[in-house]
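Here the structure comes first, spelled out in structure tokens, and everything after it is commentary.
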Amino acid sequence: MAQLSRSGRFSEEATALLNDFNSSIMFDRELYRYDIQGSIAHAKMLAKTGILTQDEAKSLEIALLTVQNEIENGEFEFKIEDEDIHMAVEKRLIALIGDTGKKLHTARSRNDQVAVDFRLYVQDKTKTLTSLVYTLVESLHSIAKEHKATLLPGMTHLQHAQPISFAYHMLAYASMFSRDHSRLEASFERNNFSPLGCAALAGTPHPINRDVTAATLGFKGPTVNCLDTVSDRDFALEMLFNISMMFVHISRMAEELIIWSSSEFRFVTISDQYSTGSSIMPQKKNPDVAELLRGKTGRVYGNLISLLTVMKALPLAYNKDMQEDKEGVFDSVQTAEISLKILNEMLLTMTVNVERMEAACKIGHLSATDLADYLVERGMPFREAHFVTGKAVALAESEGVDLSELPADKLKALDALIGDDVTAFLNLRNSMNARKSSGGTSEASVQAQLDHFEKWLKSNVIQ
Amino acid sequence: MAQLSRSGRFSEEATALLNDFNSSIMFDRELYRYDIQGSIAHAKMLAKTGILTQDEAKSLEIALLTVQNEIENGEFEFKIEDEDIHMAVEKRLIALIGDTGKKLHTARSRNDQVAVDFRLYVQDKTKTLTSLVYTLVESLHSIAKEHKATLLPGMTHLQHAQPISFAYHMLAYASMFSRDHSRLEASFERNNFSPLGCAALAGTPHPINRDVTAATLGFKGPTVNCLDTVSDRDFALEMLFNISMMFVHISRMAEELIIWSSSEFRFVTISDQYSTGSSIMPQKKNPDVAELLRGKTGRVYGNLISLLTVMKALPLAYNKDMQEDKEGVFDSVQTAEISLKILNEMLLTMTVNVERMEAACKIGHLSATDLADYLVERGMPFREAHFVTGKAVALAESEGVDLSELPADKLKALDALIGDDVTAFLNLRNSMNARKSSGGTSEASVQAQLDHFEKWLKSNVIQ
Amino acid sequence: MAQLSRSGRFSEEATALLNDFNSSIMFDRELYRYDIQGSIAHAKMLAKTGILTQDEAKSLEIALLTVQNEIENGEFEFKIEDEDIHMAVEKRLIALIGDTGKKLHTARSRNDQVAVDFRLYVQDKTKTLTSLVYTLVESLHSIAKEHKATLLPGMTHLQHAQPISFAYHMLAYASMFSRDHSRLEASFERNNFSPLGCAALAGTPHPINRDVTAATLGFKGPTVNCLDTVSDRDFALEMLFNISMMFVHISRMAEELIIWSSSEFRFVTISDQYSTGSSIMPQKKNPDVAELLRGKTGRVYGNLISLLTVMKALPLAYNKDMQEDKEGVFDSVQTAEISLKILNEMLLTMTVNVERMEAACKIGHLSATDLADYLVERGMPFREAHFVTGKAVALAESEGVDLSELPADKLKALDALIGDDVTAFLNLRNSMNARKSSGGTSEASVQAQLDHFEKWLKSNVIQ
Amino acid sequence: MAQLSRSGRFSEEATALLNDFNSSIMFDRELYRYDIQGSIAHAKMLAKTGILTQDEAKSLEIALLTVQNEIENGEFEFKIEDEDIHMAVEKRLIALIGDTGKKLHTARSRNDQVAVDFRLYVQDKTKTLTSLVYTLVESLHSIAKEHKATLLPGMTHLQHAQPISFAYHMLAYASMFSRDHSRLEASFERNNFSPLGCAALAGTPHPINRDVTAATLGFKGPTVNCLDTVSDRDFALEMLFNISMMFVHISRMAEELIIWSSSEFRFVTISDQYSTGSSIMPQKKNPDVAELLRGKTGRVYGNLISLLTVMKALPLAYNKDMQEDKEGVFDSVQTAEISLKILNEMLLTMTVNVERMEAACKIGHLSATDLADYLVERGMPFREAHFVTGKAVALAESEGVDLSELPADKLKALDALIGDDVTAFLNLRNSMNARKSSGGTSEASVQAQLDHFEKWLKSNVIQ
């Protein structure tokens, strides 16, 4: 054996560096509540199965709650040498009640403690986010209710396409966020199994009862295979993906609010609280909050790809790489929590510039499709109707008016199928209300959508 | 207005380039079946609602099936000028039946055609992947059944930790893949709504019936809000994530198979069919297929981040950016399909080197935890037991034997709590079978897991 | 040993699947020219060092050129069984000249062939992209030259901030793309070393001369360590990153073109060639090409993350995972090539709506900062000047005019430091031209920037 | 205008949330030194150009240094209301010296302050990382020097391929890290231009001198175009990519160290300091540090994709999204710093198990290629030689010995070209030393590589 003779050059710095590098306590202390919750469940089960006495379990529970209090009152000192939250809590426990404290670790390993704490956190936060998304859908629904008749130029390619209502636009987002809600709920159910009792990787010879701890902790039951469980991070990846998807939706809404706040659009005015001025340009009112919401998409996508990268090709079971699983999840969860709250308030406090929206509908011949439909209804094949409409639009352009304002006579000259009723038909509000098909923008269709979401809100109400 | 006077310098090349750039037909023709399926459903509905005559609908259906035949027989010429599969099919339709062909586009736009085709594709492939994952779980279950008694050194940190069974290890993967199965099923249900009838973005004034087309196409019903629907790609992102997660699992298994195939391990021998030789080193047998499975993880992660990037901050509704949604999904789906098939066969044809695995269990004092447990059961606090065990391991090291082979006398000298029964207790198979807790590695626990998966297979059986 | 008895269930399909899975020929045939170029260099060196005779080398060269001709004339049949381009070429070589063909593989392995071909490809394409980026900078420079006096509302947060010139805006992009140019050049130099002669992983016992092949192939010299070389993909990752960075810039420009093309902005009109109509809305003119440019960002980011994922934690040296390195690079390179060409032409053919831009400058009190500067110049501390300016803006708002149009009297009433010269000072063109600092938007500063780029173009001219 | 009447429901919480959301001070205070450095340079220039008096500049400098001292002594209170480090420092400045403090903001905006601080940080850290990478190459070089004769089974596909030296393996990593060094240096040069003086987006009317501040701050000169500069984050993205690439290399080395530390390999023993025990399995020694190094790859890839996502499609110039640029860069830089230090020490303190490595070379017939080469040298075409070698390997297998130990007689029976000299030829050390080609594994070739790196170290020495 050839021992490399050079002594490490950074000796003392090294110890500090290594502590920093190995230790997770500076971020995983976020888990303290879940760690104590898991430990109490474990202690109770140990008593129930006779591994500990009832007295020992009681003493453990009291001491654990004491530690929790100390943490919550800021009396607990987190030291980097304690390495992780599990060790920190256990050390304090032993300081408080001596040998009984040591017994808590019976039939348990750090790997399953990590797994339990982190899963309890993710499950808990899944519920929090579910509730925040619910509130957002509720707000969108309430805004939509007031704007069934507010005309807005519906766009594709950021070009005016057809007149729609602002309600209809808001309900598109309600649809997106209701899918986010569904994904969060499904992940909660899929992962609602208890890792506790898995020990290091293979279970334990102690006569534990995993059903008991699972029930105490609110899980449906214990997980099936412990080797899988101690290195399963599917639940964390699902959380990161669910949040990424949510930010697809948030960033789309933020982009629209930013564009709508420009001098050129002015479709909405974000309240002062959610805007900021410039240090050098006093006249500006910047949609900073919307921009930050859009920008935070980068962060949550990054956290997703981080954990996917960490988990790629790791052999079973636990590897220290997995210590990298938490910070990204904490960051995405906190980002999602605050972003959902702020987006919700920003929506509720913004001003909808109804006149600007409606005026904008007169740009771009938004009832062109209606003219085509008018012709089709009167028997013209669609492709031909499309062609005649093109001529009508060109005519309106040359007259300098919107198609909806072109006199019937001029239109009638274009094709024998066009009659006097064309003017009413091309009216913008009429155009919007013509789209009565299921899921469409007419007031009738939108009312049906409002009813749908009202029902959804009732059936998903949070107790 | 200042028209830039320079004429484009690349004129002819430009037209070709632009066609290439704008056109999607070279990849979206993969959707032809779904496009025709959607069109037939649309035609039937148009007849049912009186928008077309029954004769027209019949004529359209026959012609559409003719086009399908032509494509499947290789008689159909895809031209880049047709731009996309929808246009290509429609053009041929008109060539076949003239004006009636043109009527198919009534009450429909390319945006909802795109949405329908792509969703039908994703739903169909979700079913295919669900079935392939099912088969993989079935194979893992059948392999596990034969190896309940096969000892394997269970590892954490790629270090020997505790003796487990090979069955137990295989069932860890069965657990992972059964979660993949659950995710695929949940996505299928969540997205099983029909986009057809959404038109460009706002619905249509034609008296269509979206319930009818939804039912014809096998959807639960129509989507709620059309503005959302024409630019919703959640279903595609879910597919990309579900496949990425699946490749977390596939890559972990591949990594293990590669390590297990090394000269140093030799725990398994991958069949010749799934290995290859070297062009320059005749003695080598490389686990190429496992390496490719691991490597393909990059591709599916990349496809996920691609579409997340595309969708970030897009204003409603359809934007041409979304044309970038398909290639990545096609690529991930094809990769998943072939990878699941190949992994399944590779597992079924590999040789499990039982003797090597069992011999390896004698390296690393795998029953150290058992000694600690032995002491704890006899009343020693865990942390002390851990310490005594450390001394026993050091003793075994100095004697040059595995802890399981250290004579009882030597062990007894370490602590008064140690008795003659310690030898049987430290036997490796005994050690494995001691872990009888739920989800553990004992034969009894593994049998319970096998029963669980047998039940799972029955209740998820594919008709 | 427990051979799993089940015979594979998919037998014939399996062979086809495995061929597909293992084979790279369907994409790596893109490398044929580089493969042949590398082989000719190798053959010549083998002759020069006496390993082959001059006749053999000549015969190999002629045959290799024959194969190249066959491929370029479409006479070469690529078969999936040939697995990769190297094998396909070699097989044909042997068919053409028999045993001499077999000798080409002397002192060479497939691993270094792969490494050589791929590096030649990347180096070649780096040059192509460098040249396309050069052309783009040239076009931006020429557009800027015409628009030094064209006013545009400079924006931050998509809010009007200060009047700038359109030239200035174009030169911001020239700056970005000139950095892309610099990155491409640096990568070319850093990676311009020849892998040829590395053999499988350890070099070769044959008396080859790597300096000779390096020189023949246009490299600066051979790489330093062969173990590194056969599994080095840094050059490919640099390419993927350089293209991703380029798409940060392309997507920003595309976003601006899209916003500028909206009805609300109309700052530019993209030429018909680079826009498309809607199938259902005849009046629309969509900036599809700009949207696709923006959307393709997803693809190139995805390709980068794919290869980063593949390369993570691969042990030395070659692993089959690395076969996944090429498709993403090919895709990003092709995407970049076509995108740069199209962006260039789109810019050269778009109409700059000068009047619209200038009119927009009168919205938002763009000379507010000038008023603050005016006050500071006259001795007021900046923070106070900022405050007074705020009052002036409020006054203009209440009068319904832009700050630049507010009569001097009204302004003078606000603070004693304000004099009659304030009106000229707040004129928008004056405001723009006041920013004379280096890198600023004044015509003088912009002229200096134009000179800078003129010099840059000259010193980077492509022969 | 339809003001939404609902009052925000979370009022007080809202203010706190918004402060949190908008504020960057909790992370950007990391920039304090650079902020003060930039401000001093700005003040000096303002004096030089007569915008401030020399006294004012002197007073500003002293006060700024006072603030720096306060921060470094922990006397400075960071408040979330101060929003960012720039505001925090400025406020304190004004508290210290009143109106003169306010004058510092003359001819400067927060946007260019952000740009200056962040660029100074990145440039400074680029130098730090360059130096740490240099040290790592130095260590690899010193380890390699001691192991030119240490045999190691060179692997491809994690299968034994050819005997190489441990020195050769270490120098492969020296090659990789020297490329990382080159990338860091190139990025430093490319981005070494001063943003200071760009103001909000368009330059400033004040007669500033950007050459002066650039020189004071150690930049080559000012940037070319301010609109570009205030929203340029190329330098940050380059840093994130350079670190990601570095982690491709670090993760590969970490993976090898982990595999080499397994019971089955035992090629190296990581020192106790860089390993940890298990809480439940006393016999284990886990390569935690190497695993963390591998795991941290996820984090740095994630940070790269985050900022790429943020920057995608942002219109010019500054948008608040960009506030999301810093945390990821700070995190990647800190991760790289500590990881490089720790990897370096871990390498210098690990034990190289020379006997295990050499013994492993006798598994897998590593001299098979040599036999093929032997035959080729004697005139056999390579493909045939490959075939004969295959038979020899089969023979060795059946005899249960390594090819290098097969008696000459048995080999001679296989082909007439084989002579008595074959035994010496197939000796493993001979096999290694036969690979004398440039970049190969022979001791002679490795010496040339050592010389190369010695020269490299000298020419890149850090003063």
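Order of writing sets the labels: A, B, C and D. Residues in every chain begin at 1.
Quick note on the criterion: contacts are C-beta pairs under 8 Å (C-beta built on N, C-alpha and C of every residue); 3 or more make two chains touch, one makes a residue touch a chain.
Every value quoted in this text rests on a predicted model; they were computed, and no experiment measured them.
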item: Pair in B-D, A-C or B-C that repeats A-D, with over half of contact pairs matching by residue number; value: B-C
item: Between chain B and chain C, centroid-to-centroid distance (C-alpha), Å; value: 32
item: Cα-centroid distance, chain A relative to chain B, in whole angstrom; value: 23
item: Residues of chain D touching at least two other chains; value: 105, 156-158, 161-162, 199-200, 259, 278-281, 286-288, 291, 294, 297, 301, 304-305, 308-309, 312-313, 319-320, 369
item: Touch-based graph of the chains, sorted into line, ring, star, complete or other; value: complete
item: Chain C to chain B touching residues, read off their complex; value: 1-4, 6, 8-10, 13-14, 17-18, 20-22, 105, 109-110, 142-143, 146-147, 150, 199-200, 269, 273-274, 276, 278-281, 286, 288-289, 291-292, 294-299, 301-310, 319-324, 327-328, 338-339, 341-342, 345, 348-355
item: Touching residues (chain side chain C, partner chain A) in the complex; value: 153, 156-162, 258-259, 261-265, 278-288, 291, 305, 308-309, 312-313, 360, 363-366, 368-369, 372, 386-387, 389-390, 393, 403
item: Touching residues on chain A, where the partner in the complex is chain B; value: 99, 102-103, 105-107, 111, 154-158, 161-164, 168-169, 171-176, 179, 182-183, 186, 190, 197-211, 222-230, 232, 234, 237-238, 241, 244-245, 247-248, 251-252, 254-256, 259, 294, 297, 301, 304-305, 308-309, 311-320, 369-370, 373, 376-377, 381-384, 432, 434-442, 445, 449, 452
